[in-house]
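Should a chain be cited, it is by its letter among A, B, C, D, E and F, assigned in written order, with residues numbered from 1 in that chain.
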Amino acid sequence: MEQLWTKDNTVFDLNVLRDDIRRWLREDVGPGDVTTLSVIPRSHRSSGIIHAKASGVVAGLPVAAMVFAEVDSGIVVKALKKDGDPIVRGDVLMEIEGNTSGILMGERLALNILQRLSGIATKTNEFVKALEGMPRPPRVVETRKTTPGLRVLEKYAVRVGGGHNHRFGLFDAVLLKDNHIKAAGGITQAISTARENVPHTMRIEIEVETMEQLREAIAAGADIIMYDNMTREAMAEATRYVREHAPGIWLEASGGVRLDTVRAIAETGVDLVSVGGLTHSVQALDISLDLYDKKAVQR
Amino acid sequence: MEQLWTKDNTVFDLNVLRDDIRRWLREDVGPGDVTTLSVIPRSHRSSGIIHAKASGVVAGLPVAAMVFAEVDSGIVVKALKKDGDPIVRGDVLMEIEGNTSGILMGERLALNILQRLSGIATKTNEFVKALEGMPRPPRVVETRKTTPGLRVLEKYAVRVGGGHNHRFGLFDAVLLKDNHIKAAGGITQAISTARENVPHTMRIEIEVETMEQLREAIAAGADIIMYDNMTREAMAEATRYVREHAPGIWLEASGGVRLDTVRAIAETGVDLVSVGGLTHSVQALDISLDLYDKKAVQR
Amino acid sequence: MEQLWTKDNTVFDLNVLRDDIRRWLREDVGPGDVTTLSVIPRSHRSSGIIHAKASGVVAGLPVAAMVFAEVDSGIVVKALKKDGDPIVRGDVLMEIEGNTSGILMGERLALNILQRLSGIATKTNEFVKALEGMPRPPRVVETRKTTPGLRVLEKYAVRVGGGHNHRFGLFDAVLLKDNHIKAAGGITQAISTARENVPHTMRIEIEVETMEQLREAIAAGADIIMYDNMTREAMAEATRYVREHAPGIWLEASGGVRLDTVRAIAETGVDLVSVGGLTHSVQALDISLDLYDKKAVQR
Amino acid sequence: MEQLWTKDNTVFDLNVLRDDIRRWLREDVGPGDVTTLSVIPRSHRSSGIIHAKASGVVAGLPVAAMVFAEVDSGIVVKALKKDGDPIVRGDVLMEIEGNTSGILMGERLALNILQRLSGIATKTNEFVKALEGMPRPPRVVETRKTTPGLRVLEKYAVRVGGGHNHRFGLFDAVLLKDNHIKAAGGITQAISTARENVPHTMRIEIEVETMEQLREAIAAGADIIMYDNMTREAMAEATRYVREHAPGIWLEASGGVRLDTVRAIAETGVDLVSVGGLTHSVQALDISLDLYDKKAVQR
Amino acid sequence: MEQLWTKDNTVFDLNVLRDDIRRWLREDVGPGDVTTLSVIPRSHRSSGIIHAKASGVVAGLPVAAMVFAEVDSGIVVKALKKDGDPIVRGDVLMEIEGNTSGILMGERLALNILQRLSGIATKTNEFVKALEGMPRPPRVVETRKTTPGLRVLEKYAVRVGGGHNHRFGLFDAVLLKDNHIKAAGGITQAISTARENVPHTMRIEIEVETMEQLREAIAAGADIIMYDNMTREAMAEATRYVREHAPGIWLEASGGVRLDTVRAIAETGVDLVSVGGLTHSVQALDISLDLYDKKAVQR
Amino acid sequence: MEQLWTKDNTVFDLNVLRDDIRRWLREDVGPGDVTTLSVIPRSHRSSGIIHAKASGVVAGLPVAAMVFAEVDSGIVVKALKKDGDPIVRGDVLMEIEGNTSGILMGERLALNILQRLSGIATKTNEFVKALEGMPRPPRVVETRKTTPGLRVLEKYAVRVGGGHNHRFGLFDAVLLKDNHIKAAGGITQAISTARENVPHTMRIEIEVETMEQLREAIAAGADIIMYDNMTREAMAEATRYVREHAPGIWLEASGGVRLDTVRAIAETGVDLVSVGGLTHSVQALDISLDLYDKKAVQR
C-alpha cells in the first residue's frame, strides 16, 4: 500500500493498483511478446518520449510510470508534466530510458491508461470551466457509470480535472432512488428506516421529482436532495424553497447535464451537478510514445 | 469454463468472466449496499425490464444475465433480444424478476457493461455498413487500444457489430513496428530473425511507410503488410504492386480511419482496416432498467 | 454474491464469505484430514446436533451452515434457532446429517465461528440490556478494534446482539482524531478542509476533550462529536450545551465504557456509546457438536 | 518467503503473511482513508511511540513492523522490546517515524494484531508460571480453537508466552476422538487402521475416558493418550498405570484446564496440558500509539 | 471442499483441485480455443471413449471427469474402470458425451493428467509386485521429488499403485539429514533439540550412514532411521542390531532403489523403501480419446 | 514482469513465475519446515554447490536462483554454467551461500525444477543431434503434452535443448484435427470456415492421413500440413507432391517419432518433427546440492 503522491489529496493503494497492472499486462502480454522476443537483442536499450498529440488535461502519469516499473524495474521514467497540468499538442509528458524490450512491452498499456484518464480529466475540466465566474459554482461530480474495474482511477481523473467525487459505491452512502422508495413504502418510511439502520456517520440522499416529494423528504429528515430529471424552472423553484425552509440541505442536479446546459442548470442554485458522461462516454486523449533513433544504443 | 453460447463463433471462458464479475461487483458493493439493506425488506420481490433509450446494436446481454446470477441465483432473466440485433429506442431487451435487493445491487454493473459493449457494437456496425455494397469489402478490425481488463469483452463486441478481430495481444502474432525494425537492424533482418524464432504457426505482419520498405518486406517474406498512416494514393499504388508481385499477402490500412474516410480507404483495395476508436473512444448506448409498479409483490 | 438472509437488515456477500471459509478450511485441513481419511469409511454417515453449553445470544448459524456446505454439499443442516435468539445451556441450535468424514472436517471451523460470534452478540446484548428502560437509550456501537479478517462478521454479530454499527473502516466516514487535528493545523482547519475534499454524502465526526474544542468544532460545522475519555460530568455539561446550541449534532461517548459504567454514561444524554471490548476481548460462548450413537448408520 | 527472525525457533512465511496483511489493510482502508487523505498534507511527517498501557508479555512486534512497511516502505520503526519480553504499563515497545498519513493508516491494524497476540502470550505465560517449580512441568499447549485465519500467528504467540504447540491442523497428526472411534468400530480397529494408512512419520494420539479404554489403546499401540475430561484422581491413577506398563507413551490432560486448576492437573504426572482458552477467549493487552507534538515537522 | 470418493482412504480437497484445474485450463485455452470456436457449430454434440493404448494401472479418472465438468457442466462422463484397476491396451476407461467444443477443449488436459498419474501408479505397482510373496514386505513410498504443483495428485497415484506415502512436505514430520545434523552440532544434539521444539505428535526420523551413527541415533531417541545409500550388507547388519536393541524403531532404505534391486534391499528387513523415481522420472501411460463417427449428432 | 535474461530469445514473465514459485514453496513448506526450524540456529550460515551427477544439457538455472531468492533474499547464488551448456558428472553448476535454514527450505524445489528442465533439454538435444549433418534439418518441436502448470518452463527447456516451439496452446494457432474436420463437415469446409473467422495473423494447420486429404487441404488453402501417423514412404511421397504443387506450405511429421526413427523421418523432407515424449516422459537429470563442511560458519 505504498503511497503514490500525485494531485493534492489523492492516494492510491499501490498494492491493489500493482495487482491490477499485473493482470492487465498479462491480458496483453500473455505467455510472452513474440515480436519483441524474437527480434530485439536482450541487451538493446532505447530512450524516448511520451508526448501529446492533442490538447487537454493530463492524468495518469504516475500510473504509466508504474506500468513500466512492473515490466522492468530498470526502466527509468522522468515526468515533465504532472497530473492536472494543461497540455497542448507537442508537449512532452515523460522521458523514458531503458531496455527496449521492456519499453515496448509496457507501451500499449501505459498509453491506454494515460489516454483514457486524460480524456476524463479533460472532459471534467470543460464542465468545471463552464462554471467559472459563478459566485459559488456547484461541484461537478461523476456517477457510478464508470468502467468496471477502473472506478478508483476514473474517480481520480475526475478530481484531476477539477471535479469532486460522489459516493464511491453502494457501501459508503445512502442514496434512495425511486425503486427503493417504492419498495420501502414511501419517502417518509424509507428515510426513517434508513436512519435507524445505517451508521450515524452517513448522510441520507434521496431522489425527488416533484415539490410534494421534496417537502415530504425534508420533513422526513433527508440530508441531501437529488433532483431527478427536473426542468430548470422546477429546480429553481425547489431550490428557493429549500434555501428558505431547510438551509442545511445539499442539492444535486442529475440527468441530462451536458456541456451546453450545465451553466444554466448550475444557475438554479444547486450545490452539485452530476454528469454520467464524464466516465461512460469518453474521448481518449491522443498520446504517443516515440523512441529516439540516435539514442538507441547497443550496450 | 462453462460456455456461454452467444453469437455464432463466440465463447467466453465463464470461469474467468465470473471472477471478473465478482471483482467488479465487489468494487461497487464493497461490504454491502447500505441503501438496499437498510430499507428494502428481505422478502420483497420485483419484476421489470431492461430497455433501450437509443438506437444501435445490442451486445452483452448474456454478460448482464451473469451479473444478476452472481448477485442472486434466484433472479430470473429472459432475453427478448440477442446480441447483434439492431435495436431502437423503446425496445425491451430483457425481462427480469426476482428479489428486489438483488436486482438493485446488480443493476448498475449490468447496465455499465451493456452500455459499453453495445456502444462498441454500434460503432463497429457503422463502419461495416459504410462498406456495404463493395464487391469484396475489407474486414473492419479493432486494435490493442482496448480498456485494461476488458479486452475479451470488447473484442467480442466488435464481432457482434459485424467486425473481425486483430491479434488478441502481444503473444499470438508477430507485428513488426518501426521500433522493432530499428532495434533489429532493418526490415530484412527483422523478418528473418522473427521467422527463425517464432512457431511456424504464426504469420509475420510488418508495418511499412514507403514503397521501398514494401518491396523489402515482400522480398524478406512478410505475410501481412500494414500501411502505417500512408495516403490513399500511396496505399492504392502499393496495393496494385502487391497484387501483382505477391498475391498471397494480406494488406491492412491503419491510422486515421474514420467513419467519413473508411470507404475511400477501403477502395484502395486493402484486406483490412483497423480502427482504434472502435474501443478507445466509445459513446455508451443509453440503456435503462425499470421495475414495474404493479408487479412488485410482497411474498 | 448470493445472499444469505439472516437477521433483519443483514446480508453477506456470499462470494467473499465463501472464499474466506475456503481459506479457513485450508488452514485447518491442509492437504487432508489424516485421522478421518485413515479410519472412517467413505460411505459412513452420521447425524447429530450442535448445542449450547452456556447461555447467551446465538450468532453465526448461517455461516456455520455454509462451512458444512463447503466441505460437502451433501451435508444437511437444519437450524432450530435463528441468529439473535437467546439460548440457554442445553438448547439444540442445529441438527446435522450427512457424511461422517465431512461433518468431522468442518466441525472445528463451524464451532470456532459460532463460538466467537455468539460471544460478541452475547456481550453486546448485555450492554444493550443495561440501557433498557431509558426513554431514549443511546446506540451501542463497536469500534475498529475487530479481529483482522473478520470485521464484516463481527459487526454483524454486534447487530445480532442488538447493537448498531459505527463506520465500517477508514473509507466510509470522516473521523478526525487528535493526530489528524494536529497535522491539519487545528479543529477549524481540519473540518473545513475535510468538508471541501470529501464527498458530500459523508458526515464529519470529530473528537474533542474540552468545552473549548467542542465550541470550535460546532462553529466549524462538525456533524458528530465524539467525547474522548471525558468525565461523566464533563459529558453531561457538553451535551446540555450542544442540545441548546446545535441540536442537529450527534454525540458519541468513547473510552472506558464498561458494563458497570455504561448506564451512567448513557444518562449524560449522548446518542451513542462505543465499546472496543465488544470485539477485542471476547469470551467464546461454549457450543459443541455431538454425533448420535444410534443414528450413525452404515449405508 | 523471506524470513523474519523472532523468538528462538520461530519463522513466518513472509510471503503468506504479507498477503494476509494486505488483505487486512484492504478490509480497513478500502478505496482510501478519507479522513487522512482529506486533511493531512502529503508531505507531513511525524514521529511517535507504541507503548503499553497494561502489563504482560509482548508478542507481534515484527508483525506490527511489517504492517507499517506495507503501508509505506519509508516508515521507520525501531523495536525497543522483543517478542517474549515482560512489559509493564508505560513501557515503550517501538518508536516510529515517517509519513503521517501512512502511520495513521497502519495504526489500527498494527495495534489490533499486537493487542491480540500479546493477550495470548500473556495468558499462556500465566499458565506456564503456574507450573514453575515443578521438577518436570508438563508442556502447556493450545488447541485448534484458534481464530479463523490467524492460526499461525496465534500459535506463535503461545510459544512466545512459553508454551508449546499441539498439531497445526488436521493434516499433520492423527488424533482419534470419540466420533472417529465409533465410526471406525472401536479403539483397536481405529488405531490399527490409522497405522496402516498414515505415513510412518506420524504418531497416533487417542482420546480415552476410562481405564478400560486406556488399556485397550495401549494394547493397540497408541503413541499418545489424551485424557478427555477425566477427574484428577482418574488421571493420576491412569498415569501411574501408563508409566509402569507403557513408559514410552505421552499423556495429555484436556478439558476444563483453568488457571486455578492447572497446577493440580499437572501434578497428576501428565506430559501436556491443553488449554482451549489460550486462543478462544483472550483479553486484548492494552497497547497504544502516540505521535509526538514537538517532533511533528513539516518538511 | 466437496469430496471425491476414489480409492479407499483417499480424498481430495475439491475446491483446491478445482482451482488448479481452472489454472491449467487457462494455460492451454487462454482467451479461447480458436480452432474449435471457428469451425465447430455451437450446438454440435459428440460421444466417444477414453481408452488405453498400453497396459498398466489406471489413476486419475475422477480428476479427468472434473476437467470436463469444469469446461462444460453438461458433458456427461461414465467411468468404466476405477482408479487402481489393472488395464490393458484396448480397455475403455471412460465414455463421454456432450458438446463437441467442450470435449475438445478439455481433452488434452484430461489426458495429460490421466497419462501422468497412470504412469506413476503403474511404476509404483511394479515395485510393489516385485515384493510380493515376502512374509512382511516393506512399504514402497515416494519422496519429495514430485512435480511442482502436483504433489497431492502424485502421492495419490502412488497409493493407487499400491504404495504408501512418506511425509507430505517439510511441515508434517521431522527428517534430520546430514546438513541438519552438521548445523545442529551432531546427532544427539539434533534429536534432542528437535524433540524439545516440535509438537509431541511428530516422530523424528534421522539419516545415518554408519553403525556408529546408528547407535548414537538410537541412544538419542530417534523414532525412525533412514539408511542413506548404505550397502545391502550394511543395511542387513544394521537392521539386525536395531531389531535386537530398539525393536520399536522403523527402518527406511533410501537411495538407488531400482526395480532390479528393490527385492534384495527389502530382504535386509527394512520397513520401508523410498523411491524417488516413482515421481521424478515417469513414463506416461498411453491413453487416448476418440469420438465416434456414428454418434456425432447434430441437435 | 521483470525480465530474466537467459538463453537467446527467451524471457519469462517474472511476476507470474514468482507467483508459481511461491505456490510451489507453500506446497512443500506449508506452515513451516519443522526440521530446520527446530534444530538449526537462526544465524547459522553455510555455503555449498549444486553439481551434476549425470551428463546432459542444463536448463533452469535462473529459475533455481529465483527459488532461493524467494525463500530468503539474502542467499547469494553464482551460476558457473548457463542454460544450454553441456554438462558432465561432477560439473559444478552453481555456488550458493547464505542462511542455512533458507538454503535447506529451497533446496528440494530448486532441484526438482532443475532436474526436470535439464531432463527435457537433454532429451531434446539428443533428437537435435540425431539430425546433425542434414543439409536442412527439420525443427524438433514439442506438443501440448506438457505437465499441467509447467508449460512455459517446459517449452523453454525445449528451446534450451536446441528445439523450436509449436503453438503455445489452443489460443494462438489453428490446428484442425480429425474431430474438428468431422464436426465441420469436411476439410474444405473446415479450412474455409476457420479462415473466415480467425484473425488474419494466424496460419491454419491441418492434419491429414492420405494423399486425397492432402490434395483437398492444399486446394482449400491450408498453410501447414501435419502428417498424422503416416508411413515414411507415404510422407516422402506427399512431401514430393507438396514441394511441387504448393511450395509455400510447411510440413510437420507427427506420431511415433523416437530417437531411433527421427533421422529417417526427417529425411522424408518435412520441415518439422513433433515429439510428445520430449515433455510427457522425461528422465530427470541427476543434480544435487552439497553444503561444505569447512565453510559452514557460525556468525
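We adopt the following convention: a contact is a pair of C-beta atoms (placed from the backbone, for glycine too) under 8 Å apart; a residue touches a chain by one contact, two chains touch by 3 or more.
All values reported here derive from a predicted model rather than from experimental measurement.
Of all chains in the assembly, those touching chain C and also chain F are A, B, D, E. Using the average of C-alpha coordinates as each chain's centre, A ends up farthest from chain E. If you average the Cα atoms of chain B and of chain E, the two centres end up 45 Å apart.
Centroids of chain B and chain D (each the mean of its C-alpha atoms) stand 53 Å apart.
If you average the Cα atoms of chain A and of chain C, the two centres end up 34 Å apart.
Residue positions of chain B with contacts to 2 or more other chains are 9, 29-33, 37-38, 105, 151, 168-169, 171-175, 197, 202.
Residues 9, 139, 141, 164-168, 171-175, 197, 199-203, 205, 224, 248, 250, 252, 271-272 of chain E are the ones touching chain D in the complex.
On chain D, the positions that touch chain F within their shared complex are 1-3, 5, 8-11, 13, 15-16, 151-152, 168.
Across the complex, chain C is touched by residues 20, 23-24, 27-41, 44, 46, 100, 104-105, 108-109, 111-113, 115-116, 119, 144-151, 168-177, 179-180, 182-184, 189-190, 193-194, 196-198, 202, 277, 280-284, 291, 293, 296 of chain D.
Of all residues in chain D, those touching chain A in their complex are 22, 25-26, 29-33, 37-38, 42-43, 70-74, 99, 101-102, 105.
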